[in-house]
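Each chain gets a letter, A, B, C, D, E and F, in the order it is written, and its residues are counted from 1.
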Amino acid sequence: MQMHNKKRIELIIEKMAHKRACRVLEAAGMTGYTVLPAMAGYGGGNRWNRETDISASRDMVVIVSIGDEDKIAEAMLQISDILGDHIGVVSLSSVEVLRPDRF
Amino acid sequence: MDVALSTLLSPIILFFALGMGAALLRSQMSVPEAFAKGLAIYLMMAIGLKGGVEMSKNPLTLDVILMLLAGVVLSFALPLIAYIFLRVTSKLSQTDAAATAAHYGSISIVTFVAATEAVKLSGLDSSGHMVAVAALMETPAIITALILAHRGQKREKPVAGSEQGELVREVALNASIVVLVGALIIGWIAGEEGTAQVSPFFVDLFQGVLCLFLLDIGLSAGRGLRQGWRQLSVATVGFGIYMPLVSAILASGIGFALGASAGDVALLITLAASASYIAVPAAMRLALPKANPSVYLTLSLGVTFPFNVTIGIPIYIFLATLVTG
Amino acid sequence: MDVALSTLLSPIILFFALGMGAALLRSQMSVPEAFAKGLAIYLMMAIGLKGGVEMSKNPLTLDVILMLLAGVVLSFALPLIAYIFLRVTSKLSQTDAAATAAHYGSISIVTFVAATEAVKLSGLDSSGHMVAVAALMETPAIITALILAHRGQKREKPVAGSEQGELVREVALNASIVVLVGALIIGWIAGEEGTAQVSPFFVDLFQGVLCLFLLDIGLSAGRGLRQGWRQLSVATVGFGIYMPLVSAILASGIGFALGASAGDVALLITLAASASYIAVPAAMRLALPKANPSVYLTLSLGVTFPFNVTIGIPIYIFLATLVTG
Amino acid sequence: MDVALSTLLSPIILFFALGMGAALLRSQMSVPEAFAKGLAIYLMMAIGLKGGVEMSKNPLTLDVILMLLAGVVLSFALPLIAYIFLRVTSKLSQTDAAATAAHYGSISIVTFVAATEAVKLSGLDSSGHMVAVAALMETPAIITALILAHRGQKREKPVAGSEQGELVREVALNASIVVLVGALIIGWIAGEEGTAQVSPFFVDLFQGVLCLFLLDIGLSAGRGLRQGWRQLSVATVGFGIYMPLVSAILASGIGFALGASAGDVALLITLAASASYIAVPAAMRLALPKANPSVYLTLSLGVTFPFNVTIGIPIYIFLATLVTG
Amino acid sequence: MQMHNKKRIELIIEKMAHKRACRVLEAAGMTGYTVLPAMAGYGGGNRWNRETDISASRDMVVIVSIGDEDKIAEAMLQISDILGDHIGVVSLSSVEVLRPDRF
Amino acid sequence: MQMHNKKRIELIIEKMAHKRACRVLEAAGMTGYTVLPAMAGYGGGNRWNRETDISASRDMVVIVSIGDEDKIAEAMLQISDILGDHIGVVSLSSVEVLRPDRF
């Protein structure tokens, strides 16, 4: 089975701000992404938990997007800008996909 | 004082205490988030409908409009006072102080409901349009806070991905405003007769649902305190107690000037004294992402809310009877 | 028309409008999915129980059985008509047209409930077994649609991972059928006396819960419209309006032939005219995964549902009184 | 027997059967987890409040304290008996047997509620403090089970990441204990008058909410059975049926010795005979992670619970009338 | 600490169809997988969101499964078949695990 | 855009036990992690599903943590200890991040 190299971006970001990141991904020409709700987390010495914070203002989500290296590079610049203001972590890894034309 | 005691021993407050106690003892119990949010929507629909039905019984007078205006003015003004107190007495940064101030200008709808019940228990009457006052007071405080946060700083370019009107939409059309104002208008249109069929759900169950909801609020407040108290200095905790009283005195003055009824003044005072812990924290994550949520959430939900529903409300009712004397 | 106006101004419809308005104005408010699904289960239990208790009061006559049959026949036949209209007037593919047609043969239980209330307001009577008709009409349409979708195509091998009987189980035992039919039978067995203790929950609260649920449906419909309207051509939107009327005329004819009461005919017409937006979309994702959900969901929830609960139902009641003389 | 039949045909049991049937037929329907957990909290608040209000009407006598003690003793002792039966008759490992035994020493609050209704239907009276007995019986069984599980094994070093007091907190402050005991105390403090305003929610709706909840429990039990029955031997399934009867006979003896009322003895027997399926499984995941959840969950929810609510409870009431003669 | 090379398959697929994919993974001999609910997403120019679609028919899930390269190769063939009919994205990456005998 | 090499740990573990793993990650000096709720899964021949188990005692979560190779090595030892008792899968992969000083 023929596989093709792509990049996978994984962005852990505040729920409140996730639409900003989504807009950036779309603007950079990524063809898709998926948003997963997080349940709890830890960072900078603080813990948060979805069930214990009624305002939900500390909730995080994880955005996964798979696409071409160069489009991702474009998105990264702006994402680093968002992350300057918001809380979050972005990471990049190499993956293989089946249908390269989808991306 | 009789009202104070029967407020303290009402199932509603007792369930709040239960939740808070359980959280402080580190119980793992929780009300599922989706369920609690559903209950919150129910409560706001019920409050809005009730207010609307009451309003449909009387014409809209100048007095009502003045009361609405008073609420808006208070919500704009209170964050300024709060900000000054915080900057002078505590070591909070400009951003943190502004974000916290926004919470104290805005309101807590659960505190408002608790006050409505206490007012009724005291034998006073309150009007339906106070619900509209509550809705109107939710957001002006945010504007003041943003001005304070950006004062003296050069205008930054907007965060990547921000969208035109995003914040306004998030704030002006947040769930509590949409549901409160929407239900108020629906109650107004449908009137007592039109809402008769839904009153077993929205009127008869209200107090009971409130118990369940306050159990959850208690859990949140307790967990917030346990996790966030380290972030709070004595000066900040002090602020969480005296700021409501400062707001209360200001609102009493306005209530006196307006010549409103004792019940309505008590509610206006309560609104001024209460601090938001649902709508404003969410708005602050968008508008002032650098501010520390542990500070403002712990303060408004962990300190001010319990203070208000236990000690505060009886004081506010007493103040109201005094100035309307 | 009086009924039309009081339908339009009932809190139930007003809350639907509130939700739709909020979504169109791009408010971020939402009813948590888990809570809304819980309410949907409550509503179906309540509808089923009520129908069952009504049925327990009268024996099962031939007339009832004929009415049940009529519903099944309609559900089988309507997708064929819908499919022809769609293929002739719009550019939808064979698969999309078939999937959309399935929705219009099946039913919307909330539209049914709204019609039940409107029928009562009009001073007409309807029978408990109409709930059974509703449940029976949910699925036949799916079979017709599958035949239409696969017509003229060579039999494909099943999708990897499909399981024997998977679709049948998913469709025939979906939540609304299980709960509606189950509660109907329970109401039938337990009767009025047996269900007396649960009626404060299932009867008294029904209207109020419906308000909350319709707020959520309004939000869904509004968001669907905002996101999906670009996928809809004029021809498709037109279909969402005239197809209910076509179905209504057909059902009126059948109602006339059966000689049923005006109330029951009005409900049969409403069922025929309503389009599914919960059960059928889910089934289509399994059975016709290539069909585009934006088309059929936007059409049934964003166009046909609002049309039916505002303008449609008064027309259907009028039609029913006409044919039953 | 009349009570047995009207218990079996009550909507509550019928909805349980509906859920179980749907799951066994492999319907995909489900009650959202968050909604079901919300209902569970409601039910426990309602049970606790009712018990507390009842208790506020009578002074706390020695008889009451003896009954509380009896519950604790039973909860400690029953797992030992259960463990011996399991080890002798089945091939379960020491850990699995101990974990399963914990479930049978602890209690099922839904079974308790069903018994309360059946007792009322039988014309017997039960006391509010039985709710406290139920709460007290939840946890002692866990301690016995842990001792049994670790018997003869050298003390292992704790699992990495375990925390001091973690298990105790998880178990002693789990949701059902916090809410049950908390609501009991609140009901006791507020009394009949203080809780009057919340009774439309907590009293009138109780039976109806129970229907919805039991639909969900039925679904869980059915799915558990379908997925887990392969893990159960004949000996284990047999245990799920005879163990409740063994516990019942023991509890009858204690009830006789205490000279309590027939209603209270029936409830004590039911508590002894019921097996936990919410609190204890969660505790076992922390305390005995090597034990197999499929065994104990399938057994307590899939075998013992249905047995108790259909056949068991009428037997227990009969036993109680016998020993209190 | 000795680590061993395995492959991680990440399948973003419709919730309604996820059981099909799960059966395929099981049939291919994968020893385990985990299904995560997604909250929102974007693809082919359309956005979806869990909270706004009452029928839930557009919900996606993410299935993560870690296993041997050759078993995954087997599963991939069938998964590409499912993805011919359903909406979804599959990607493969290299990971290291502790206990190779578990997979 | 300058990227830096880090490791990503992905721990699939029982919800009931996830706090133990979190404490281990914190103790090892990881600066953050995010917990995602899983919805369903399969392992050792058994399936579980969140919606069908009212006790929730078989629920799993996925913990994602990004950090320095050597801190992760420290955490791995203890995590393998937890996994001896609990159910779970741990995997490690290479990722690139933007701001290395955050980790």
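Following the convention adopted for this analysis, contacts are C-beta pairs under 8 Å (C-beta built on N, C-alpha and C of every residue); 3 or more make two chains touch, one makes a residue touch a chain.
Keep in mind that this is a model prediction, so the values were computed, not measured.
Asker: Give me the chains shared as neighbours by subunit E and subunit F.
Answerer: Looking at subunit F and subunit E together, the chains touching each of them are A.
Asker: Along touching chains only, what is the step distance from subunit A to subunit C?
Answerer: Between subunit A and subunit C, the shortest chain-hopping route counts 2.
Asker: Enumerate, in label order, the chains that touch subunit C and subunit D alike.
Answerer: In this structure, the chains that contact subunit D and also subunit C are B.
Asker: Same or different: at the subunit B/subunit D interface, is the fraction of residue numbers used by both copies above or below half?
Answerer: different
Asker: Let me check something: if the centre of a chain is the mean of its CA atoms, which chain is farthest from subunit B?
Answerer: Measuring from the centre of subunit B, the most distant chain centre belongs to E.
Asker: Measuring centre to centre with C-alpha atoms, which chain is farthest from subunit F?
Answerer: C
Asker: Which integer distance in Å separates the CA centroid of subunit D from that of subunit F?
Answerer: Using C-alpha averages as centres, the distance is 34 Å.
Asker: How many angstrom lie between the centres of subunit B and subunit F, each centre taken as the mean Cα position?
Answerer: Whole-Å distance between the two chain centres: 39.
Asker: Taking each chain's centre as the mean of its CA atoms, how far is subunit A from subunit E in angstrom?
Answerer: One centre to the other, that is 18 Å.
Asker: Do you know which subunit E residues sit against two or more other chains?
Answerer: Residues 22, 36-37, 79, 93-94 of subunit E each touch two or more of the other chains.
Asker: By the touch rule stated above, which residues of subunit B touch at least two different other chains?
Answerer: 30-36, 38, 200, 205
Asker: Can you work out from the touch definition every pair of chains that touches here?
Answerer: A-B, A-E, A-F, B-C, B-D, C-D, C-E, D-F, E-F
Asker: What part of subunit C is in contact with subunit E in the complex they form?
Answerer: Against subunit E, the touching part of subunit C is residues 23, 30-33, 36, 40, 159-163, 216-217, 219-220, 223-224, 227, 277-278, 281-282, 284-286, 289-290, 293-294, 297, 301.
Asker: Show me the residue ranges of subunit C that touch subunit D in the complex, using the header's touch definition.
Answerer: 32-35, 37-38, 41-42, 45, 49, 169-170, 173-175, 178-179, 182-183, 186, 189-190, 194-195, 197-202, 205
Asker: Tell me, which parts of subunit C touch subunit B in their complex?
Answerer: 9-11, 14-15, 18, 21-22, 25-36, 38-39, 200, 204-205, 207-209, 211-212, 215
Asker: Show me the residue ranges of subunit E that touch subunit C in the complex, using the header's touch definition.
Answerer: Residues of subunit E touching subunit C: 14, 16-17, 19-24, 27, 46-47, 49-58, 78-79, 81-82, 85-87.
Asker: Show which residues of subunit F lie in contact with subunit A when the two form their complex.
Answerer: 1, 3, 6, 8, 18, 22, 25-26, 31-37, 61, 64, 66, 93-99, 102
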